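The first chain written gets the first letter, and so on, giving A, B, C and D; residue counts start at 1 in each chain.
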Amino acid sequence: MEYLINLAILFSIYSMLALSLNMVIGMSGLVSLAQAAFYGIGAYATAIGMTSLGLGFFTTILLGIVINVAIAFVVGKILARFQYDYYAIVSAGLSVIVFSILLNWKKVTNGALGIYGIGKPVVAGYAFYSNSAFLGLALLFTAAIFALYVWIDRSSFGRVLKALREDERLTHVMGYKTKYYKSVIFVLSAALSGIAGAFFASYIAFIDPTTFQLKEGIFLFTIIIVGGLSSAVGSIVGALILISLPEVLRFVGLPYEIAAQLQQIIYGALLVLMMIFKPQGFFGKFRM
Amino acid sequence: MKLTDFIKKKTPKSDSSAKVLPYGENIITCTHLNKQFMGIKAIDDLSLQIPQAKTTGLIGPNGSGKTTLMNILTGLIKPDSGKITVRDKHRTRIKSNELRTYRIARTFQDGRVIEQLSVEDNLLLPVAKNTLWGGFTEIKTDDYQSRLEKVLDITSLKDHRHKRAEELSYGLRKLLEIGRLLMQDADIYFFDEPFTGLFPEMVEQVCDIISGLQKQGKTIVIIEHNMGLIKRLSDYIIVLDHGTLLAEGEPDAVLKNKKVREAYLGV
Amino acid sequence: MKKLLLGLCVLLALTACDNKKEQTLSKPVIKIGVIDALSGKYAENGQNVRQAIEFAKQDFASSDIDFEFVFEDYGYETKRAAVATNKLINVDKVDALISWSSMAGNVVSPLADKAKLVHFAICNDANVAKGKYNFTHFTPSGPLAEKLVKQIENQQAKSVALFAVYQPALQKHTDAVEQLLQSKGIATERFNFNMDSLDFDLMLEKAKQHNFDVWYICALPPSLDIFLKTFFQKNINVPLVAIDSLLFAQDKAIVEGMSFVTTPDGNKELLDRLTAANGSTNYFSVGYAYDVASLLMKAYSDLYKTTGKIPSSDEVADYLLALKGYHGAVGELVMDKDGIIMSQAVVKKMINGIPTEVEE
Amino acid sequence: MLLHLLINTLIVGSGYALVAMAFRLMNSVSPFFNMTIGAIAVLGGYIAYALLGFGLPLYLVVIISLLASSLFSGLLEIGIYTPMRKHGASPMVLMVASLGVYTIFESVIHLIFGSQYQTLGSISTSHMLNIGFMEIPLVQLLIIITSFVVWIFLNYYLHHTFMGKKIRAVNDSATLADIIGLKNNQIILTVAFLTGIILGLDGILVGYDTGLEPTLGFNLLFKGMIGAIIGGIATLNGAFFGAMFLALAENVGVALFASEWRDLIAFVIFIAFLSLRPQGIFQKKENNQ
């Protein structure tokens, strides 16, 4: 049972990430692979905040959000100049830049050695030390982000995003300054990924730069492709499938040598088959 | 671009009661407009006026610059030189996202709609709040509901309201685009070949819609090749040829004009 | 209806205690979970660690306890390390844990502490050993650095170029060397590079300009082999010292005659057995894996012999803390008070491909 | 020091250029970010490694490896990507599919050849060539020569042969080519084989120079792709000079700062470059109507 609780915590963290990424890729059509960078910044804000600055968990979340908003604002400005595949490659480049800063800025991030001993959230004296309590808190935040996603999806703001993802010029003629909309949704999704990073850091109690590489950005992109673009439920389902798939294979009892590689093969095959038979994912409402 | 200035942007309150706007004779004038594309002069030192509260037919052989002119007047293209005056505002160019503030609405030649959005969303797009914070907080759109129902009736899209635009036939797409135009309650309406590709009964439907607008004293500009429709609908005609003004005036006079016949019929 | 219920309860009671009875009769089974990087960047090292643990199991023909090692791959990612540990603790209900690399060590140690399970980490990160149940076994950087710095001092070097790969354990070794050199007033310059960097041409050219007296390398294949190739191709005639690294060079000819600082007894037969098994010459942390597995098995079987019942984690932890004079694959092992195994360091030279100890 | 920087830029740049040109060539006929480009090169390298293991003579090894990599490239294109595009798959969907294919390929190589790092020739015996002021390994000289030969050959092939003209026509306007039935499988196969041969060569050379690892495909692909983009995706020369520019940028960064910042510097320059000239060096000015 404890095992499932742990899995559920990871599932809720990746649902937060998938929802925030779907806001950028699903709703506004901008294929950003830089999400892992904001996820990392949020995680490091909490790690450094709780270990060396002695801040509480929720203050570090605010700290992470402030840093992420500032960086996403600048990054959004740079990215706004590009379109489609250029946008994807430049965002991948930015993700590599942030990763190498996390790796090489040893004085602050302790470099490759990572940061250990990250505390648990404390609310009015009660420490979320037990996994089930931590899961409750994580699910609360996931639900909040889910509700925010649905709210945006239904609001006029969301309608403009879904319009500009297909025909930015026409949306412009309808009287919307599309540049601002794209940058606001980019900044918002960066802040939300930061929250997911904070939960990850506090759950694992140790983080190092290798988790926040470009590979993770591509993994997050795959989650919403499989789950379905521009759909809140799709993001959740995508996270569920891609988090539980390796676990299911772990119990199938494959021989050690090939277990790890076979998992990757099945994961790759899933991608190819999805793109052939169901390109917009299980619950997708937007075909790229 | 300061962060603050895009938060507190306000749009002027649009009152739909004003029937005929008490501006001067012409609602849009452009002087010495020029636009060149890769060596070809699409618009060559063009100066003309669009009469207010009248329907202007914009005609001319293919490639005469009709669509380019319309794109310039609606901000899609930046003219190389020249000035445009909309009511009392003088501009060297119009930004397409300011069309709302100028109360201008337009359709596109190829029936341009947002494919993967529902018909309703397509119709609500031009009227929803266009400030960031306003858009964020606006979920219920009941103050546009009545207008939406009316437009759905006029464009006979009532039972397609929840379908995605990509599921509509070509004719219905054109009607959806016109519906989007009607939603906007603008003063100046630009139609770019609204009739091409429509069945006869749909042509009648669009004519009724346009005459409805004419009764409200709106200014209308139509690009159309079908002379019969032009004569039937327009009070005023502008003829373009190779980006220059060939002739303008009352429909009968202009269509009899020798130069116009030559340019059109090569006779 | 009542008879049925009664029958059911009896049946249940039987199966419950039956389960208990059956265990004490035959040999007790001790499950040890291993969190190992069997895929990803360190797949080669992970496979060799697994191989070493299996050799340890074969060699430790324990008379009275059956040991079962459950391997879980975490592909050198923190999130998968957490999931793997959680599965081992909650599903496999293992009695003890072994983890490889300081990343996994850091993830597992709080979990092991909470679950009160003995955790032996193959890494030299001191904070992994915090808590009663956590132990680490890797050459602590201290002794290695001292031995290496003595070597550098013999050559009256005034400045040293430190080349180190971005890998936690090797970065710790190099940090220790750097601090020691600076404390002795020897100038140092640090050249770090990523695991997958394949071009050292310019980096060595730059270092060559500053003409350091001694060069130091601490890396793993593949960057190690390319570093050495470029070093020799540029025929930089400056002495090259190293911690461990030369041991793993894929091309033995390149490192012939060079000396390096490493743990005392590389236990040559173990390394040859490994190469015979899967052809890999990357022996990084193989000896330590072998020791950790043997130590755990030794602790459990010794305690079982004396007390006759399956030892609790506390008893095993106390036993390990009192470890003295245990001759492991990497030499004499002494457990210090906070659960870190100290093992000495020694200078070795590659003589026709074999690392042989040398008196300096 | 400057001399070393230029020579090294030439060596590293040639490596990137081979992948960049292959990427650019493939893109002209099948326009999307193909993640399996790196895999085709790695396959060439590993097939050569296996054949050398059986003791075949070098020339035979090279021929068979190139055949294998071009077959693999053709199979991928005709078997997966083109049919998917015919069923309306967008470039983004094709990118994700190619990511899936790459993941499968990497794991299969792990299973067959193990995850150890292998080199084709033993590193220490690769003899050195004295080119006047400095010595560089024969293999690296070969990389430079191959890169230039391939560049010249492709320029000739695309501009002066009938098939080459057809390929350029398809690149200029894929829709027009579709209409007049130009974009048939024959062209796609030729381009796929050509790309396979270039990448196979690159795989073997990298195998001799810095060795092979299953995870090598991604790094090769990424740097080559960036080179192709910096040079402007439209022309072959763009890909070649873009790759050289990327290598120069990296080396300048390493020379001025430290090599741990290599990737950061390459990407900062890449993004700065792109934001100044979004179309890259050589691309025709997009008509932004």
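Basically, a contact is a pair of C-beta atoms (placed from the backbone, for glycine too) under 8 Å apart; a residue touches a chain by one contact, two chains touch by 3 or more.
All figures in this text were calculated on a predicted structure; none of them were measured in a lab.
Of all chains present, the one whose mean CA position sits nearest the global mean of protein CA atoms is A. When every chain is reduced to the mean of its CA atoms, the largest separation from chain C belongs to B. Averaging Cα coordinates per chain places chain A and chain C 33 Å apart.
Separating the CA-averaged centres of chain B and chain C is a span of 74 Å.
Mean C-alpha position of chain A lies 43 Å from that of chain B.
Each chain gets a centre from the mean of its Cα atoms; for chain B and chain D, those two points are 50 Å apart. Multi-chain contact residues, meaning those touching two or more other chains, occur in chain C at positions 39-40, 43, 47, 166, 192, 194. Along chain A, residues 103-104, 257, 261, 264, 287 each make contact with two or more other chains. Residue positions 110, 260, 263 of chain D are each in touch with at least two other chains.
On the chain B side of its complex with chain A, the touching residues are 6, 74-76, 96-101, 106, 108, 112, 114-117, 121, 124-126, 128-130, 132, 134-139, 141. Across the complex, chain D meets chain C through its residues 1, 4-5, 8, 11-12, 110, 114-117, 119, 122-126, 128, 135-137, 210-211, 213, 215, 219, 251, 254-255, 258-260, 262-263. Remark: chain A residues 1-3, 6-7, 10, 103-104, 111-114, 116-117, 200, 203-208, 210-211, 246-247, 250, 256-257, 259-261, 263-264 touch chain C in the complex.
Of all the residues in chain C, the ones that touch chain A in their complex are 38-40, 43, 47, 50, 71-73, 75-80, 82-83, 86-87, 89-91, 102-103, 106-107, 110, 125, 127-128, 166-168, 171-172, 192, 194. Contacts from chain A toward chain B in the complex involve residues 151-152, 154-157, 159-160, 162-163, 166-167, 169-178, 180-181, 184, 285-287.
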